[in-house]
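First comes the structure, then the notes that go with it.
Going in written order, the chains are labelled A, B, C and D, and every chain counts its residues from 1.
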Amino acid sequence: MSTTPRDLIEGRPVLIVIDIQGGEPPSGESAIPFMPGYAEAMERVPALVRAAREGGVPVIFFQEAHRRDLVDFGRELDGAEGVHLLEGDPGTELATNLGVRADDYVIRKRRYSCFFGTELEILLKGLRADTLFLVGGHTDVCVHYTFVDAHQHDYFCRVIEDCVAGSSLEAHDAALQAMEYLQAGARREAEEVIDAFGAYSGGGA
Amino acid sequence: MSTTPRDLIEGRPVLIVIDIQGGEPPSGESAIPFMPGYAEAMERVPALVRAAREGGVPVIFFQEAHRRDLVDFGRELDGAEGVHLLEGDPGTELATNLGVRADDYVIRKRRYSCFFGTELEILLKGLRADTLFLVGGHTDVCVHYTFVDAHQHDYFCRVIEDCVAGSSLEAHDAALQAMEYLQAGARREAEEVIDAFGAYSGGGA
Amino acid sequence: MSTTPRDLIEGRPVLIVIDIQGGEPPSGESAIPFMPGYAEAMERVPALVRAAREGGVPVIFFQEAHRRDLVDFGRELDGAEGVHLLEGDPGTELATNLGVRADDYVIRKRRYSCFFGTELEILLKGLRADTLFLVGGHTDVCVHYTFVDAHQHDYFCRVIEDCVAGSSLEAHDAALQAMEYLQAGARREAEEVIDAFGAYSGGGA
Amino acid sequence: MSTTPRDLIEGRPVLIVIDIQGGEPPSGESAIPFMPGYAEAMERVPALVRAAREGGVPVIFFQEAHRRDLVDFGRELDGAEGVHLLEGDPGTELATNLGVRADDYVIRKRRYSCFFGTELEILLKGLRADTLFLVGGHTDVCVHYTFVDAHQHDYFCRVIEDCVAGSSLEAHDAALQAMEYLQAGARREAEEVIDAFGAYSGGGA
């Protein structure tokens, strides 16, 4: 492992907030499994969003949503998840405590990876992004698979491990280890990232 | 989980053999970590390839390879893997015991997912493939991330768990569970798949 | 040219309505050039949309739109077009005479091709589409380049030549010829397509 | 049109040589149509390749090739082209006068656009490319559609108009105009590009 040590922020950072929807912790009859502590992890995200805004770090909010005629579920109902996140359902809306503004970058997606069938690469090129910070859920599904695609697209990737949560504790832990396997130092904590955003020069040049 | 139970083979099957290269078990100074039992798992693959050929199931062999000037490693050297699988190195060649023929489908790839930057979707559409059977390595890297992309592209996906191996036993197990999360019944064993290939009508119509 | 003659509709048809926005013919100070007869061509589209609906042919409406901070224009301002189609501008809305309904398939795009950075492939796979009918504008830009991507993705492609218009007559004609080069019989007229949609069994099976 | 005038070379240049195969001018029974002057245009390319090498400009050679079982033609036989460029046929090899070396970047493709189902984006990111210079054929097919994808991927694009040729003179001219529509100043001549490659600092930093 002759890995060059990397900075927390290489080049230009972007914060990507993945599928924090519904405004409240998931309830019992959910179509999707959630690990203990899920809601607490999500509640740490708004402070991070504020720090990003203050530091001039662009924020992109993702929202998984499916058309009500179920045309775009693909194979997503062949596994552990039932019908979920239909357009127009209240639980599909982005969580209100994220403080999303009218002119924010919000991208709707149909699949797990934020890169799959979306404009993300267009937007990241426009922002000349280098390092992506991932928060939201599930650690082991949308976060992990977005990380993988970002990695394969040559971005420096960081997952803020106290701001993500998974379908189970075991799956959450395994996904964090898989991300660390791909990029050493990928696992970070909210506190150090908030500090780094505060010290960031704001993408000026 | 209102999942419709799926057949082992839905529609037309294809066998995808991922990164079985070098012709021998990995030795000590490898740039890539391997779990115990890696070589044994890979040695079960040739029988599966023969069963596929006899049953008229198309086989696609993938070979990870990087240009010798290192231009295409992207972020792959930022993690647990060192420089690996350079074009022209003997260890980069497909394992000889796979019995690859001159007119076989062989695809070279630069990234982990077999879909990323390759002709795979073109070939699968040409074959009118529906169900993909994955074997090879690593369970937790190339196999897992190929499974995820195949899933997102709407293919039925099966991983033959005694014909895949990972960077560690823990990572191997976690990846198998992640794949089963995506598609119930994804985890299969070589014996039942060999039987199913034998009973397959050969993709005639 | 040993081309197999193809039916007007091969398999399942889908109508794709490209960038008919603004509700009125373009005015003088437009950021984009338009050929004579542009408005007339667009006015023929609503009848086609109605015929598709009556025949059970899915309709997908595309809307080119750019974020107001200009982040996603890429190289689009390096050529013949100025800043155009900003989100929130009245002229960016889909033309009201198209009769778009709340549950219709509407896809926003940032680039010329309807496939680039969008969910179109996901939706077309969900619809099990085989033949795409293209209308809208510009013949020589968004229509042409959508046709090319659809062709490369193995769809049967038809352009309804009296329901498309270009940046100039010459560019319109050249693009139609280029599409016919790719698929013999690609150029069709609204009347025959309306008849064919009427006779279509409705995608039942 | 408030277009910023662009330099001939913006940032880092790359030369892309598209489908110059077969080593000789096309003969009468070709499966693909060629315009008059096709061979002469292709004969101007080797000098450009030499100038690129001398100036430290990376060169990427593309080779269209199809598998002999015809599995990957997609819809390419539905139009003006018959079965063409099969793997293993002498005419499928890159033209010998290009002077391709063992360690050159050579990419095989199955479709018209050099971006479609290939590793091109991986390689261009690795090279940190900004401006792409296109030569080869056909102007109105592989060159045009590669230009369009490069444009949509945010590259500065130049087509060297005396080093490309099309399926007909009309189609060649129309494609050049379409490319100029996308990026003002896209059309260039070999002589000025050879001079610019000579003056290029070699991509040092």
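List of remarks:
Rule of thumb we're sticking to: a contact is a pair of C-beta atoms (placed from the backbone, for glycine too) under 8 Å apart; a residue touches a chain by one contact, two chains touch by 3 or more.
Keep in mind the model is a prediction, meaning the values are calculated, not measured.
Think of each touching pair as a link: the shortest run of links from chain A to chain C has 1 of them. More than half of the contact pairs at A-C come back, by residue number, in B-D, the repeat among A-B, C-D or B-D. Comparing the contact residues of chain A and chain B by number shows a mostly shared set, over half of all numbers used being common to the two copies. Chain centres here are means of the Cα atoms, and by that rule the chain farthest away from chain A is D.
With centres set at the average Cα position, the gap from chain B to chain D is 33 Å. Centre-to-centre spacing of chain A and chain B amounts to 28 Å, using the average Cα coordinate of each chain.
The mean-CA centres of chain B and chain C are about 38 angstrom from one another, to the nearest whole unit. With touch defined as above, residues shared between interfaces to two or more other chains in chain C number as follows: 74, 111, 116, 125-126, 153-154. Within the complex formed with chain B, the residues of chain A that make contact are 1-4, 6, 74-75, 77-80, 82-83, 111-113, 116, 140-141, 144-145, 148, 151-157, 167, 170-171, 174-175, 177-178, 180-184, 186. Those residues of chain C that touch chain A in the complex are listed here as 67-69, 71-74, 103, 105, 109-111, 116-123, 125-127.
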